[in-house]
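Okay, structure first, notes after.
Which chain is which? They are A, B, C and D, in the order written, and residues in each are numbered from 1.
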């Protein structure tokens, strides 16, 4: 029985080290990230990117976190050249760099951004939405009429690498998320060439109920263990904890 | 003139009176977030957040926060029995499809036609639109909560917004530290004035013309 | 405490009877249904529609089940006038009615159909896909070019009523599904004006883990108890059980 | 001439030799479905189905079927440890994005260019395309399994398909009860002949021209 079991484990095991994961993230990489205000952004991978000294990143994700929280740490450290996002208000460093010309930002309504990332992951060319019609959002975009109604064509987004924070992962890369830490993670997980997951817990194959899995392992290339959140949340800082 | 810190709960409390039993409600970042802590007794509201929660409640007690149970502003919340988690496409699917009975949003500027500008101060500050465009365009009822004038003392309720718009002709009600103003097809109607102010104060602090009915209330 | 609790229960309770549910399904209703080869199609609601004598239905769903299985029972009974679907091969009655002119069928590639229904549920106008380009699928459809690549515009689908088979439902309408019974159910659940759920088990509010909920209750208008599957599966019949 | 029942497993077994360790594979309805029961020893394959399963295995033993654990054809399957459920948009997202290493599909007709027709017999029978268009267009490798000739004894491997196409120029390999044929840019190449037949039999039963190499195998 040793033969077949080894074959199966080899075919299904994606558990790797931080170093192996970081090999895919280099200067100029197009990088998608999970998280919403930092919640659900992968702390260990972000720390690793900082330590490795990666720069000129092209980021795609919901927001820029807070100055010391989530993906905001990369922005604050000046490692980001370009950004597609919906919101940078909670990280003043992003706005400052943008006005100084150090950071190029493309804004997108949040729901449209989520759908564009999903469309990328789903192999679609884009979606039709009327959100943003009549505002600057429509500038430079194709429009089509469907059943007498006008829609913007919002094109799909993909990335070279996606970084994910999961609650549990098995060796095949099946994932669950931690409560509202889900947010953009399952979308981003589908939309990159290489998807790297940092998991709070790596469980044996078969330990996850097939019904509780939010991201099927097919989307995942690497799973590394998380060292846990290494920042203070904005609300903790305000309360002086 | 600036908005006293203590006035923010006042605005949120007044906005909470727009809640009705069974409503699905989304709260923006800032003052809107505080509305969840002022739901009037005897009604049940289902709060929704863009990060992917339906059915959250008040803020947790200090020490009971779970960083992974947060609203769209990243602040911890509690959960109701009907709560569910989902990804952000589903959160915005609910919004885009028109399931939100009410949204409470902040504003940089509002026009007398109900235009809303709240995502960029050109040349100065760019928070970004977040989910405000989706919400302002799609919620059945849009309530704006804001300080009545800017930090520089300039009116925020204008004939025309000068900042790029978040949405056109979509705001239904404006609640500030000075007044409650309804947006109607024929212009802005002053509904209520805050205890500390006179009608004349509100008119002075508002660039857009205000229709003043005989029965202006107080809050 | 009685006051607030009643208010809350009233605001959240969607449990109803089969009769109340059937009031929404009448001659000519545009009806979406969950299920894939009958698995995940709601048996009690289908039986109720048959008993009520509803006819001229406009159905939207993945397939026509088998002659005596799932939505196939309505087709077999001649209650369907029009159909948007991907597949009718497992129910010869559908093909026979189609050739005789009694049933109008619009075919759609399965993945595109799933996305069109989802797009309806998500309030989108449609999606861009290259699936079907170069085949009859593209006939009569708008095309757009995005980043030098050609896509079909596939428009969203919505319905008046959706019927769903869930494993568990709470009174707010939060749903879980039974294994591969999930299939089109969560999509269809989002895409109708009125969504009616038949649940194998109705559990108290709070009994479902917020993480296991697949369809949030916001999408559900009515929950009725299921009387269970009342047909033999095709593979059972073949084996003579 | 008709296809003997016993030949269907033969075709499926031969098709199973196209499986490689670690592949993600989707099986169509009919003969393709049977491939899951013939995975060669020593390799592990992850089967995916359009109704929303990844990681299913062989057919269950009689009496152990769960009607709610089925493949796209509605037949019960067993689950592997890596299995997950999802809705059909995700199933087709995997397909459309190109995650399928291999798909095995049935055919009404195949052309020498690798065109596939398998969803309609005009004027006669309309099974519908199901997921075949998505799969045939997007899987990295498309293997067609079919009886070599139709029930009426007519060739199914043609110069040009006469039925409406499922996909153009996408089939890589054709496996029948008589032969294994590779689709190459320069036409069809006969790779193997079934034990019961001679090369001449295959040529006679095939409308499209076949290139016959010296080393035709047997299966």
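As a convention for this text, contacts are C-beta pairs under 8 Å (C-beta built on N, C-alpha and C of every residue); 3 or more make two chains touch, one makes a residue touch a chain.
On a predicted model such as this, the values are computed, not experimentally measured, just so you know.
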{"item": "Farthest chain relative to subunit A (centres taken as mean CA coordinates)", "value": "D"}
{"item": "Pair sharing more residue contacts (C-beta pairs) when A-D is set against C-D", "value": "C-D"}
{"item": "Intercentroid distance (Cα basis), subunit D paired with subunit A, Å", "value": "36"}
{"item": "Centre-to-centre distance between subunit B and subunit A (centres being mean Cα positions), rounded to whole Å", "value": "29"}
{"item": "Mean-CA-position distance for subunit C and subunit A (Å)", "value": "32"}
{"item": "Of all residues in subunit B, the ones touching two or more other chains", "value": "53, 85-86, 89, 92-93, 95-96, 138"}
{"item": "Residues of subunit A engaged with two or more neighbouring chains", "value": "115, 122-124, 129-130, 177, 179, 210-211"}
{"item": "Pairs of chains, among all present, that meet the touch criterion", "value": "A-B, A-C, A-D, B-C, C-D"}
{"item": "Interface residues, subunit D side, partner subunit A - complex", "value": "21-22, 24, 41-44, 46, 48, 53-55, 79, 81-86, 89-90, 92-99, 138"}
{"item": "Touching residues (chain side subunit C, partner subunit B) in the complex", "value": "3-4, 7-8, 10-12, 121-124, 170, 172, 174, 190, 205-206, 208, 210-211, 213, 216-219"}
{"item": "Touch list for subunit C against partner subunit D, complex", "value": "36-40, 62-63, 66, 85-90, 95, 98-99, 105, 107, 109-112, 114-115, 118, 129-132, 134-137, 177-187, 214, 229, 233-235, 239"}
{"item": "For the subunit C and subunit A complex, residues of the former touching the latter", "value": "115, 119, 122-130, 142, 144, 146-147, 149, 151, 153, 155-156, 176-177, 179, 210-212"}
{"item": "For the subunit B and subunit A complex, residues of the former touching the latter", "value": "29, 49-53, 62, 65-70, 72-76, 85-89, 91-93, 95-96, 119, 123, 125-131, 133-134, 137-138, 164-168"}
